[in-house]
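Please go over the structures that come below.
Below are two complexes that have chain A in common, paired first with chain B and then with chain C.
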Partner chain A sequence: MRNTERLKLFAKISAVLTGFNVMELWGTSMMETYFYWVNAQTKGAELDSFYAEFEKVFTYNVTDEAIDRAVADSIMPKESFGGLANAIITLWYLGQWTCGEGEKAKTYIPTPEAYQQGLIWLIGQTHPPGAKQPGYGSWATTPDK
Partner chain B sequence: MNKQYLQDTDNNKKRQILFNEELQEAVLLQADASKSAGEPIRTLDELKEALQQAIELEHTTIPAYLSALYSIKDGTNPESIKNIRGVAVEEMLHMVLAANLLNAIGGAPVINKPGFIPKYPYKMELSDEPFEVNLDYFSPDSISVFMHIEKPQPTNKPPAPGVYHSIGQFYTAIYRAMHRLDKHTPGGIFVGDHSKQITSEHYYGSGGKLIGVYDMKSAHIAILEIIGQGEGVDGSIIDSDSVLFGEDVELAHYFRFSEIYYERHYREDDNSSQPPTGKPLPVNWSAVQKFKKNMKMNDYEQGSALWRAALDFNITYNQLLNNIHIACNGNPAHISKGIGLMYDLKYKAVALMNMPMGDGWYAAPTFEYVPLDQI
Partner chain C sequence: MSDKKQYDVVIVGSGIAGAIIAKTLTHAGKSVLILEAGLEQGMDLDPTGAAANYQNYLNTYYTNPIKVPNSPYPNLKVAPSADVIDIKADTPYDTGYLVQKGPVPFASDNFRGPGGTTLHWLGTTLRMLPNDFKMKSKYGVAVDWPFEYETMKRFYEMAEFEIGVSGNVGEQVLPNVDKDFFGSKYVFPMEKIPQSYMDGVIMRNTDNLKVKLNGSEYKIRCTSTPQGRNSDPNIKYKRKGVKWDKREGALKMYNGGERYEYQPVPSVFDPYQGERCEGNASCVPICPVQAKYNALKTIKSAESKNLTIYVQSVVSKVKLDKTKKHITGIEYKRYTRPDKSEYTEHTIEGEIYVLAGSAIENAKMLLASGAANSSDQVGRNLMDHMVMLTWGLTPEKVYPYRGPGSTTNIPTFRDGVFRKDHTAWISPLDNWGWAWPTGAPATTLSDCLAKGQFGKHLRASIHENMTRQFLLHFECEQTPDPNNRVTIDEKYKDILGNYRPVISYNITDYVRKAFEASMTVSKQIFEASGIKDETKYNPTDPDCVEYNGVFYKFNGAGHIVGTHRMGSSPKDSVVDPDMRCWDHKNLFLAGCGNMPTLGTSNPTLTMAALAFKSAEAILKQLES
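Let's look at the complex of A and B:
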């Protein structure tokens, strides 16, 4: 599979895993950064089978509900693909990449923008402290919903 | 050299103010205070109309400047960003100053009506040779249009009611009408409620000064503030050799864009009719998110993710205009509530400009009217 096609697939996978739509994820400007980061951090064979499994899910399931169910069954369990799906979710939401388990676990922040662009801030209708300032006095305004 | 083109600021800096006392005198002397014949603005109602038009005119440039500003990729072109943002912020200030002028004479600024946001491409009619203002990404082309906006050409054609051949002519007409009407109206024309004025106490951090308008004297200062940095100034002044530069001088709008265009800073003994010759101002023209000119909601498939993102931006923009409308109509303290909206606006614009539309193009904010009460 060519890189551009894989990038498209990665975008689609990221949307399923995060609950944000593909365009919203592009809007963070992190799509390509994360795509290449995941490529570099994951063993080739494992990554290939991860993408292949998702292609299967997208081929055999039409509705969003069916896709979610299939992902929950075959991709989300920790033992599947070395917990890659979980790692990608954490990457999008927190801008952090954790590998290894227990005491050997290490956390990386791919780029400074990863912190600023974490989806957690959007979901919380808040802002990353120290970056993307919301403006003086904005803390006095209640969130929309 | 004419030092009147420089003005001292509060923080021991100087800013160029391209409208000197000599010129003011000339404008006033020409105006025969007793006669309104031949003047484009004759009555108080016409003056109010003209000031509403001034608010709209000042706003016109803002979406264009913001489109270019936000298209610059994060972390690149810091000096270009500083120059464009500085000008955009001052245009917002000018819009509020024009609203102050209208409030001062008992008018009511309207900032949230359909049609307040112009349709782009916007044909700038206040010019002998009309030109188009676009919503476009950061490029030598868009910057050269900005230079054109901020350096109107001198004109020989006289103004007529509702017809002006330059922005300078338009503001001159307002200035003279204010002066004449104030003199010949029993009790004067400055009858507006003082508490409606938005001053620096309500909002600071912008370039220039937010001046409360209570009489002819403060109206005079406010008008000079609006026209002194660019638009209202006849291009021949910019081309005169009287404009001073220097490291501690805050440049008028034309020169800030000119620095970007020529990728160079002005230095102290530069001639204003020539390109700058100081140290390089590095510009990376390719570090931009490119989008097609003057995108509209209709360019996105209705209901699609892109369409929703564009709508979301427009809602925020209309909320911001509504916020300024409320602030300018009796609730000056409301203006500070708009600060959060302004940041939000930026983040939403930048997100749109990161959404790919194929063939290397990206989406863009459309700056269109949305009826907020129907959302």
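Let's look at the complex of A and C:
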């Protein structure tokens, strides 16, 4: 598969995993950074089978519910693809990527933007501490106001 | 090698303590040299250089996966900083900068670099209460200060001006405090920082709540917190500065005219940034716009023609004359590479010397010099606030992770007869969810992932949890204990050959009992608000201590206090009430190390007030 097609697939996968739609994810400006980051950090064979599994999911399932069920069965279990799905969610949510396990684990934030675009802050109806400041006194009302 | 140049006053350290003294003295026409251990670029106050350096701090913060107070700042091998990431449960160990002998590891950090620890402080600026100054005579514990609250009042006003405090005087209803505490007409320079939405929800159920503790009933009060971050100027505030009145031999505040309006001090890198808090919610460890006070602002407003600053200059000792009564110079090591053990040695001379390296470093420098220690109190009585945290989920959404770290506090237990029995505490309401105790929201995510959640379901679970996270502090006063101390040991040195601090530390039952008491209060507050308690302490975690068979975990507050206490007698204190060493007339000590006790207020406002007090004494001495 060519990179441009894979990038499209990566966007679709990311949307299913994060619960944000493809447009919202492109809107963070992190899509390509994360696509290449995941490429570089994941073993080729594992990545190929991860993409292949997702292609299967998208081919055989049409509704969102069916896709979610298939992902839960074949992609999410910890032993599948070395926990790649969770790593991609964490990358989008926190801008972080952890290599290795236990004592040897090392966590990276690839760029300042990765931290600032963390989706978790949107989910909490807030902003990443130290960036995208909402303005004087904003904290005194609900974020819906 | 000896630098020829002479200064009226040589100050070690450019934190708030050193900065206030430098500013006050240079404006009174005295020549001042600051020796600063940190990197040159951190002291660049030219807008372009300062902006570039600060952006560097910010980017380091963004990309550092561990977001602790020192994350944005360089930790130098040539002048290391204490760092909370080095803390381990099992003492003794010497793997961090502090050599921790235990039995309990000291739990706070500081930043050794230009501007010092105010770069990552939170900025809470509470005055100590009148009874805090007389713990011994009032409650039979600890020691009395050599003077009472009244003496401090005018210096507090200077400190509130210099830091730029935002707050509402009328709302400061404090235990055992009368209306003279601030004075009837007093206002802070700026209006109060708005209290958070969450504060409002909690206050609905907590303000005026009656709680029971050890057979007594207390009415809980919630109060807006005065803080050193910019808001809107209070038009009633007319003070314009602090001046040395030579004739009266005193520092005086002076007013602006009728039309005068207080101007919030902006960032050091851009006059149009930081004039008002913008809600970045990252005050600890770094305020991106510098709406929060930091000591570089004070350095920038010193009289520059009278101020010289040597950076990358790490002081190791003060030099004594033969009689040991007089300091004759300060020895420092100048480096060019922060990771290399290469340096040149220098001595610099002045009329008067001030050590303002913060409590632990001051003690270390004195011990290394064999100075100021006829009382055997140097390094002893190391204190901090023990911060016990309790957290839970609120029934309705309170939307944390917004605004300054804390905008409301519960002052109810800051003073009372219970202090005969256990320590007092203050309870700030925390606006940043469970970030401190659990590492949320990262752990909120990992908990959900562990349950196999993803997609829309994951989003919804995190939203439900994150918007309801409530955190309460119980910041318990630690009282002085001579065995809690900083020492030095030939075995432990840094790469420049300077001593590393060796710390012995424990928590007395007087403090531990307050953990038990505050847990009782926490439970009642949570119950009244329908908060589901999620507090969990792991007995194998660092700083988890036992009382009556129950484990309580505390955190350091960053309030490093008490290593060179002030007192009324040279027998049991290091400095006199002007913070001049009893043993050496021309050596002054600045910083929280001077404080005989800590009270329940974050110590920096009090320490800043003390810095003005000793600046006044230094001026008197220079002119006599």
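In this text, the second predicted complex is superposed on the first by the 144 of 145 C-alpha atoms of A that agree within 3 Å, B and C clash if a C-alpha of one lies under 4 Å from a C-alpha of the other, contacts with A are read in each partner's own complex, and residues count from 1 in each chain.
Rule of thumb we're sticking to: a contact is a pair of C-beta atoms (placed from the backbone, for glycine too) under 8 Å apart; a residue touches a chain by one contact, two chains touch by 3 or more.
It should be emphasised that the depicted structure is a prediction, and the values quoted were computed from it without experimental measurement.
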Subject >> Superposition on chain A - do chain B and chain C clash or fit >> reply: fit
Original post:
Between chain B (first) and chain C (second), which, if any, makes contact with A:89: first, second, both or neither?
Top reply: second
**OP:** Return the chain, chain B or chain C, that is in touch with more residues of chain A.
**Re:** C
Original post:
If you stack the two complexes on chain A, which partner ends up touching A:133: first (chain B), second (chain C), both, or neither?
Top reply: both
Original post:
Of the partners chain B and chain C, which touch A:141 in the superposed model: first, second, both, neither?
Top reply: both
**OP:** Have a look at where A:24 lands relative to chain B and chain C in the superposition and call it first, second, both or neither.
**Re:** first
Original post:
When the two structures are overlaid on chain A, which partner does A:16 contact: first (chain B), second (chain C), both, or neither?
Top reply: second
**OP:** Could you tell me the angle at the CA centre of chain A between the CA centres of chain B and chain C, given to the nearest 10 degrees?
**Re:** 70
Original post:
Given the touch rule stated above, what does A:72 touch, chain B (first), chain C (second), both, or neither?
Top reply: second
Original post:
After the superposition, what is the least C-alpha distance between chain B and chain C in whole angstrom?
Top reply: 7
Original post:
Between chain B and chain C, which residues of chain A are contacted by each of them?
Top reply: 133-138, 141
Subject >> Contact set on chain A toward chain C in their complex >> reply: 16-20, 68, 71-72, 76-77, 85-86, 89-90, 93-94, 96, 107-112, 114-116, 120-121, 123-127, 129-131, 133-143
Original post:
Which of the residues in chain B end up touching chain A in this complex?
Top reply: 74, 304-306, 309, 336-337, 339-340, 342-344, 347, 350-352, 354-356, 363
Subject >> Residues on chain C engaged by chain A in the complex (per definition of touch) >> reply: 58-59, 61-65, 67, 194-197, 200, 231, 276-282, 286, 288-289, 397, 399-404, 407, 431-433, 441-442, 444-446, 449, 452, 454-460, 462-463, 466-467
**OP:** Show which residues of chain A lie in contact with chain B when the two form their complex.
**Re:** 21-24, 26-29, 113, 132-138, 141
